[in-house]
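Presented sequentially are two complexes of chain A, the first with chain B as partner and the second with chain C.
The block that comes next holds the complex of A and B.
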């Protein structure tokens, strides 16, 4: 076995150890350790990605002495490596972009606790990405939930505490349903390892045994994770949690936490239930309907919203609707589009949150939409970031959002029965997206009286660097999409 | 060439009046502006009463939850739909359970090679008598490591929420401290040592008898809670303050993490393990399981006590 095969396990354990060490350090050193570990984990993930691409195959790694059905196992393929790398990049950029606000928002005695949360969030995301065992996934889902709660309530005021409690209740409901689903699957198959469950499930499907509990288990697993990733009717926790938390937390929650759960759904669809069995069950239609509803209702809510942060949060509901709609199409192309949209949405939404915070700061921290008038001239880089993010979300070519919309429509044309609904929903949702993003972009560039001249002096270099990196990431995803799509396709083929 | 003004001329200018006003010699408003002393605002008690009643009536009308039909309808519909939804889910789950394989039957799918190997070869492979411990700490060690991290992150999260500053912790209000209860203190004096020893026994016998780090740690933690609630924060800080807490917790977790990393690395690469399995049944046997139990136990004890202390006074 090559030494690189150890890297997934190392990156998980390294981030856990960093969290443990951070609890003894001061906030300043915890921040340094966190950044250092993030860069190392990013390097390790890039190595894993390169290794799996060059080998053209996945590898499994036993966590301990005992092989798979008895012990734990993790598994890394192209898609896992790509996901882990991408999560690290987004996390580094979100932490850098929100750093100034973090110091203003959070009391100094809680700085190191915040970095414990981020480190454990990273470890749980990595474990959810790499795991090949359903129960390991559950354990790290728990860690992810608690870490996300900590990230929300690190600011101590009424709104964030309320948002955190709401998030906790909804998220624990999701965990509970997920756990019941795992229990039913274990009872039917006697395994927790994904590959073995898949064998048993396909045998059950062929023999026609235990059909009702099987459908129930699939439904519980999907609905549990859908609640946690804020699919439309279960999204009530989302706007407060994203809108009132500190800016790094909002960026990480929207682009990492919910994406981790969605990736777990993909793993369950392919590796646990089997893609064909999943398509044959009727659960897929439920996901499709909820996704389409979310695309439209989330955008309508965003148009009605007056606070820019909450507007972006509602836009997340719509984008998560897109992803689940892609699952609901029940075709390979739909899955590829969904996975690409995970990347494009993660890159864009974090950019939008961070630049919206800059715009709001330039307007004296006011939450009212009308005060944003001319903010794009007062804070040039944030204005550019927001404009590019908005254009990408609407689906203008050269940015990442265009490619995902293109992939979705191509997938929709292949699906016969759902083609018309999907295309209409895509069109309506795109127009609604354009309404609220264009409204904001026009607002931030409208002239105001006694305006100060535009100054290009850089006050906060870290913030500028993070926005520039996000913009570059967005353009890379938009321009070199064929490479990424081929990586996603090869990764998904390794899942079978 | 400048021209000097005469005194009379100067006295007519506004700048002269301004300087005069600034020096306080003359108020420009007197004799120039009509002035009237305002009457003091006066309200009869009966008017005050009327105003208050009006306010209460208006307030009641706006916030009248008992007679507001929309709110009542919403609350009713909310309750009914919640009950209906919960009962539908309950019935669906119960129905689903009735379709599951019969519990305890020998041809269940869950009776397979996995459970067979745990039961039959567990002792030989991991050196434990208590198979459950062998399963959670050796076969599925990664899950348990994650589970310990859940405890760690939960205590950190409670700290974010409830931790107060050090000065505030030192000057706690007196009503948070226990009263000097003689009966409680006498009982605690007898029970706490027994609890500690029993907890330690459960931890170190984790690989031999039912128990282990999680349950033993909880017993020790409850002993600490009893001591603290009988004798107060001052007494327990003499031997278990924040420094000791951090030392124990971090040492235990780091050593646990190191052992697990070593175990993953050697196990996956097929390198023999340095932990000897020993004779099954001895206290010092079962390789790393004995140490892991110790670390998990101390971590759990710290976490349980820290929950109590944080909820009670916001710090250790």
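The block that comes next holds the complex of A and C.
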């Protein structure tokens, strides 16, 4: 076994250790440790990605002394490596982009607490990505929830308290359903490791035994994680939680936390239930219907919204609808499109949040939409960032959003019965996206009276760097999509 | 269906309690009652696990009197899962209670909907 096989375990342990150490450090040092660990974990994840690509296969790493059916395992393939790398990149850029605001929003004595939460969030995301054990996944889902609640609560005002409580209630409902689903599945199969469960499940499917409990378990697992990742009817907590927190938190919550749960759903679909059994179980139709509804209702809510942050948050509801709709198509192409959309949405939504913050600051911190008039001229870089993010969300070529829409439509054409509904929903949702993003982009470039001349002086270099990196990431995802898609395809084929 | 329910009454009761806890967490207005609902829900899951993990007449796998046949012992993993679950549940409950204290100190109410109305009045 090569030394690189240790890297997934190293990165999880390293980030947990960083969280523990940060509790004894001052805010400044906690920030340095956090950034250092993030870069190291990114390096380790890149190594894992390169190793699995060169080997052309996944590897299994046994945690502790006990072999397969009893012990705990880590399993890393191409998709896991890619996901971990991407999570680290987005986290670094979100933290850098929101740094100035973080210092203004949060009092100094709390700074290290925030970095404890980010480290915990990173470790739980990595564990959810790498683990091969369902119960470990549950434990880290809960750690992720607690860390996300801490990220929301870092600003202490009435709004965030209410948002955090609503978030916790919905999340706990979701994890309760998820846990009982795991227990029923454990009861049916007698295993907790994903690969062993899948063997038992396929035996059950072949023999036609325990069909109702099996469908029940699949439904509970999917609904539990769908509640936690804010699929349409369960999204009521989302706009408050994203809209009122500090900007780094909003970017990380929208682009990382919900994506971690969605990645877990993908793992459950492929590695616990088995893709064919999942497609036969008809649960996909439910995911499909709610995904399509979310695409449209989320966009309509976003159009009605007057606060730019909440508008972007509602747009997340629509984008998560896209991802679940891809699952609902029940084909390989649909899954590839969904996984690509996870990347595309994460890169774009974080960019939108961070640049919207710059626009709002340039308008005197006002929440009213009308005050944003001309903000794109006052803060040039934020204006460019928002425009590119908006164009990418709408689906203009060269940006990542176009590729995911293209992949979704290609997948829809292969799915006979669902083709028409998917294409219509895609079209409607694209138009609605265009309405609210174009409305905002036109607003930020509208001329105002007694305008100041455009200044290109860079006041906040870190902010500019993070926006530029996000824009580059977006264009890379859009222009070199074939490489990414082939990586995703090989990653998904390793899941089988 | 009927005989199955009677034979597995423990699991049926666990599921009913789970439902009670779940609806309480979802629908109660009072935060403390919501948290009680959360705990009822989690406890129902532990009851389910304990019920599934125990076989009548067998004991925990500790070899005390030289009996090594597996038929005499139960699988210890469900009990381990219950313990892990309790730890998670305790930490989540503590977090929820601390949030409730914060909310009560600020708004002098335990009703989440009332907090929303007050927030709208404040126009934050």
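Brief remarks on what is shown
FYI, the second predicted complex is superposed on the first by the 496 of 496 C-alpha atoms of A that agree within 3 Å, B and C clash if a C-alpha of one lies under 4 Å from a C-alpha of the other, contacts with A are read in each partner's own complex, and residues count from 1 in each chain.
The criterion applied here is as follows: contacts are C-beta pairs under 8 Å (C-beta built on N, C-alpha and C of every residue); 3 or more make two chains touch, one makes a residue touch a chain.
Keep in mind that this is a model prediction, so the values were computed, not measured.
By the document's definition of touching, both partners, chain B and chain C, reach A:149.
Of the two partners chain B and chain C, it is B that touches the larger number of chain A residues.
In the superposition on chain A, A:233 makes contact with neither chain B nor chain C.
In the superposition on chain A, A:172 makes contact with chain C only, while chain B stays out of contact range.
With both structures placed on the common chain, the touch criterion links A:139 to chain B and to chain C. When the two structures are aligned on the shared chain, A:162 is found in touch with chain C, with no touch to chain B.
Once the two complexes are laid over each other on the shared chain, residue contacts for A:212 go to chain B alone; chain C is not touched.
By the document's definition of touching, both partners, chain B and chain C, reach A:180. Judged by the document's definition of touching, chain A residues 135, 139, 142, 146, 149, 153, 161, 180, 186-187 lie at the interface with chain B and also at the interface with chain C.
Partner chain A is touched in their complex by these residues of chain B: 92-93, 95-96, 99-101, 108-115, 117-118, 125, 138-143, 145-147, 149-150, 152-154, 156-157, 159-161, 163, 165, 246, 249-250, 253-254, 257, 260-261, 263-269, 273. Of all the residues in chain A, the ones that touch chain B in their complex are 1, 5-6, 9-10, 13, 16-17, 19-21, 23-24, 61-66, 69-72, 109-110, 113-114, 116-117, 120, 123, 127, 133, 135-136, 139-140, 142-143, 146-147, 149-150, 153-154, 161, 180, 184, 186-191, 200, 210, 212-213, 216. On the chain A side of its complex with chain C, the touching residues are 135, 138-139, 142, 145-146, 149, 153, 156-159, 161-162, 164-166, 168-169, 172-173, 176-177, 179-180, 183, 186-187, 192. Of all residues in chain C, only 18, 21-22, 25-26, 31, 34, 38, 41-42, 45, 48-49, 52, 77-78, 81, 84-85, 88, 91-92, 95-96, 99-100, 102-103, 106-107, 112, 115-116, 118-119, 122, 124 touch chain A in the complex they form.
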